[in-house]
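Below are structures written as structure tokens.
Note that chain A is present in both complexes that follow, paired respectively with chain B and with chain C.
Up next, the complex of A and B:
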């Protein structure tokens, strides 16, 4: 019986895979050449890297919601109750040395990624992930202790980057469009938003590791 | 040469994905998940999508992997003898 069910599920999966392959191979060509549109409007986007232009200018609204989703994930974790801090003093002795060597380089790499985002692969999310990884490394090496759940600094940092994005979006509403930058200020706006987002996202991602319930 | 590399990469991706799901030891599954993420980074780089490759390496393999390792450590602290005995 068990064997029969297994063969039946393999058969069903094969049929499904075949149907999906068939559907993909018969997709109609895209009605709009989006890559061409992006290339044609790159000059007014304020940056010269097409991916950053799409993420922060043409589809800035999507990025805005993405950041909000991460904050909601953190709120969910806070609502579900934080785990207790792990026991201390059992870590490898090499780890603090490695952390002290690596973390300055990681911060440098994060700043580079943020700066490079304007004209080549990089950007706020990648910079934030590297910064958050540096914070996690410091935490694992027990150089940086856990954050209590009522810590004010992380909350201000997380809200600050998001509110800066929101403020710029609200200020641009006067021109009659959400996140529609005037071309001459687009570069400055994008740099401001990306810098704020890097800090906000880095603290947000690090908070998933570092926020711990106070020792009772 | 490039075709051989791509085929090897695709095979390694499928293999690591299958091993990640099929392995009974939870700690090993997390390590395999990180391996899968790093192979996926290579695949994105081969597809000329360095932006996605960077994001996958930093967020997919790095942070998610560390988060999963953290979760395994927390589970282990709660139930000390769960290391692969549940096969």
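Up next, the complex of A and C:
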């Protein structure tokens, strides 16, 4: 029975893959040209990089909800119970020295990525990834200890950027829509949101490594 | 109208706000935040329903950008009913949970509940296929977290199985969205309706298949129900109630929207397709009821009853031919089942808390110890069986009416058979509850807090009264355009 099911699923997936290949190879040209729409409205979006314009302005509402998804992912880990702390004492003596050298550069790189997002690839998510990596490095070098489950600081940092995003979304309702920036202030709003998110997302990502159950 | 008090926007912002505040406070003020937030949300939902009743459909351009560049949120009668149901049931469940978890709340319970409700509200208000995917992830991940919260190995295993099912479901959905974007260059549901009507390459048929199948997996329609009984049966009672009453309805809602909206051109071109969900729905009713009749544990019995009751929702698909009758029957069933199932799960939670036994046999004597809770359980059962004057009765009546009208006698037959089967598993519990145990020197069991009993009764009573006062709801749904 189990073998039969396995062969049946393999067959079904092969048929699906074949159908997908066939369908994708015969796609007609898309009737809606979204790239053109983005280019036409880029001038009033507040930034000059089209990806940032889509993520933070045209479809900023998607990004808003995605930040909540990241918080929920962390909550899932908290709900299921935190993993125990890793064993200590076997570290390489080089690591702390290296971490002390690398982390300031990583922070600098993160600030650059955040700033560059307005006109070239970069932005809050990339900056946050670098910052989170810096925190993990400090943790591995045992310069930064684990965070307890109920630590207020990390929670405040994670919530802060999201609450700022939420406050801006709500305040802009006066213009008649969630996150509806006035064109002349769009750039300022985006910088504010992205700065907040860089910190929030960095702590959120780092928390997957640094939140650990207390040693028993 | 004051723009900043737009009820549509606040239905999404309010739960996100109180969930985040509860997160910062490590859930300390969770109950108070949740109750205050949900009262506000219920007001917003009522205001929105009022607006929809007088203006028809209401749109909201997020970011102020029109489609296809931006995301358009919208509310019509269908969204309004789902929103009212969600806020109403969630408020009762939150009141129940506050007392139920008075000793030890599972970690992150209040925060996850807030994000779950935010996700559902955002889903009911979205008109953009990719944005809908984000809302599906919000709902799915928050629900998995709630199942895992504070549980032992069995509960974590159920949560993981649920996680895999829900990820495969939303993965299939996302794959479909990508194919659609590749074919048309837009993900706006309203624009896609006309575009698919004009031309439908093979990719769109595949996309529709992937998206709808993914949603069936998330809705736990037979034979995709395998993850539901362990997840809903193993979680704490307030969580089971949230999942069974509301969460599975969210993916059903999206299935229905896609069927009637963007994919209407496909389903009308091949009318036989509508028989597929109906056939699965009929199997779900028979299989779910049979498993509920045989179940050993009380909450597993109720979870299998959910498997069966979901089946009814899919019987409406071949019946969309004439007017709004089928839609009204389906959404009335969503509402009646949502109220009744929430009542039944929390009543079961109280019964289990008091008796200390998870087994169906544990309810013996409940008629003496817990008359209010048992009465709530019985009233909810009346609605599930579809006896007059309950909401469940009205839903089945409309369904049978639509089925006979369209010459689908078999659907009417299945609906009646399902009611009889529901009678068997409900009376199985009630018969035991009236069996008086011979107490030799047993002390009377602890009395539960009053709020545990009365919230269940209020929800159950609402599912009955729905049958008598359904006209506003039916009128709201009559205005839903396809």
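By our rule, the second predicted complex is superposed on the first by the 199 of 216 C-alpha atoms of A that agree within 3 Å, B and C clash if a C-alpha of one lies under 4 Å from a C-alpha of the other, contacts with A are read in each partner's own complex, and residues count from 1 in each chain.
As a working rule, a contact is a pair of C-beta atoms (placed from the backbone, for glycine too) under 8 Å apart; a residue touches a chain by one contact, two chains touch by 3 or more.
In this text, all values refer to a predicted model and were calculated from it rather than measured experimentally.
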Contact breadth on chain A, by residue count: chain C or chain B: C
Touching partner for A:95 - first (chain B), second (chain C), both, neither: neither
Chain B versus chain C as contact partner of A:164, first or second or both or neither: neither
Chain B versus chain C as contact partner of A:42, first or second or both or neither: neither
Which superposed partner A:107 touches (first chain B, second chain C, both, neither): neither
Chain B versus chain C as contact partner of A:191, first or second or both or neither: neither
Contacts of A:71 with chain B and chain C, given as first, second, both or neither: second
Partner chain in contact with A:121 - chain B first, chain C second, else both or neither: first
Residues of chain A touching chain C in the complex: 16, 19-20, 22-24, 26-28, 30-34, 37-38, 41, 57-62, 65-66, 68-69, 71-73, 75-76, 78-81, 149-150, 152, 155-156, 158-159, 162-163, 166, 169-171, 173-181
Interfacial residue positions of chain A with respect to chain B in the complex: 51, 83, 86-87, 113, 121-123, 125-126, 129-130, 132-133, 136, 205, 208-209
Interface residues, chain C side, partner chain A - complex: 3-4, 6, 9, 12-13, 16-17, 20-21, 23-24, 26, 60-65, 68-71, 73, 106-109, 111-112, 115, 118-119, 122, 130-131, 134-135, 137-138, 141-142, 144-146, 148-150, 156, 159, 179, 181-186, 191, 195, 199, 201-203, 206
Residue ranges of chain B touching chain A (in the complex, touch as defined): 50-51, 53-55, 58-59, 62-63, 66-67, 70, 73-74, 77
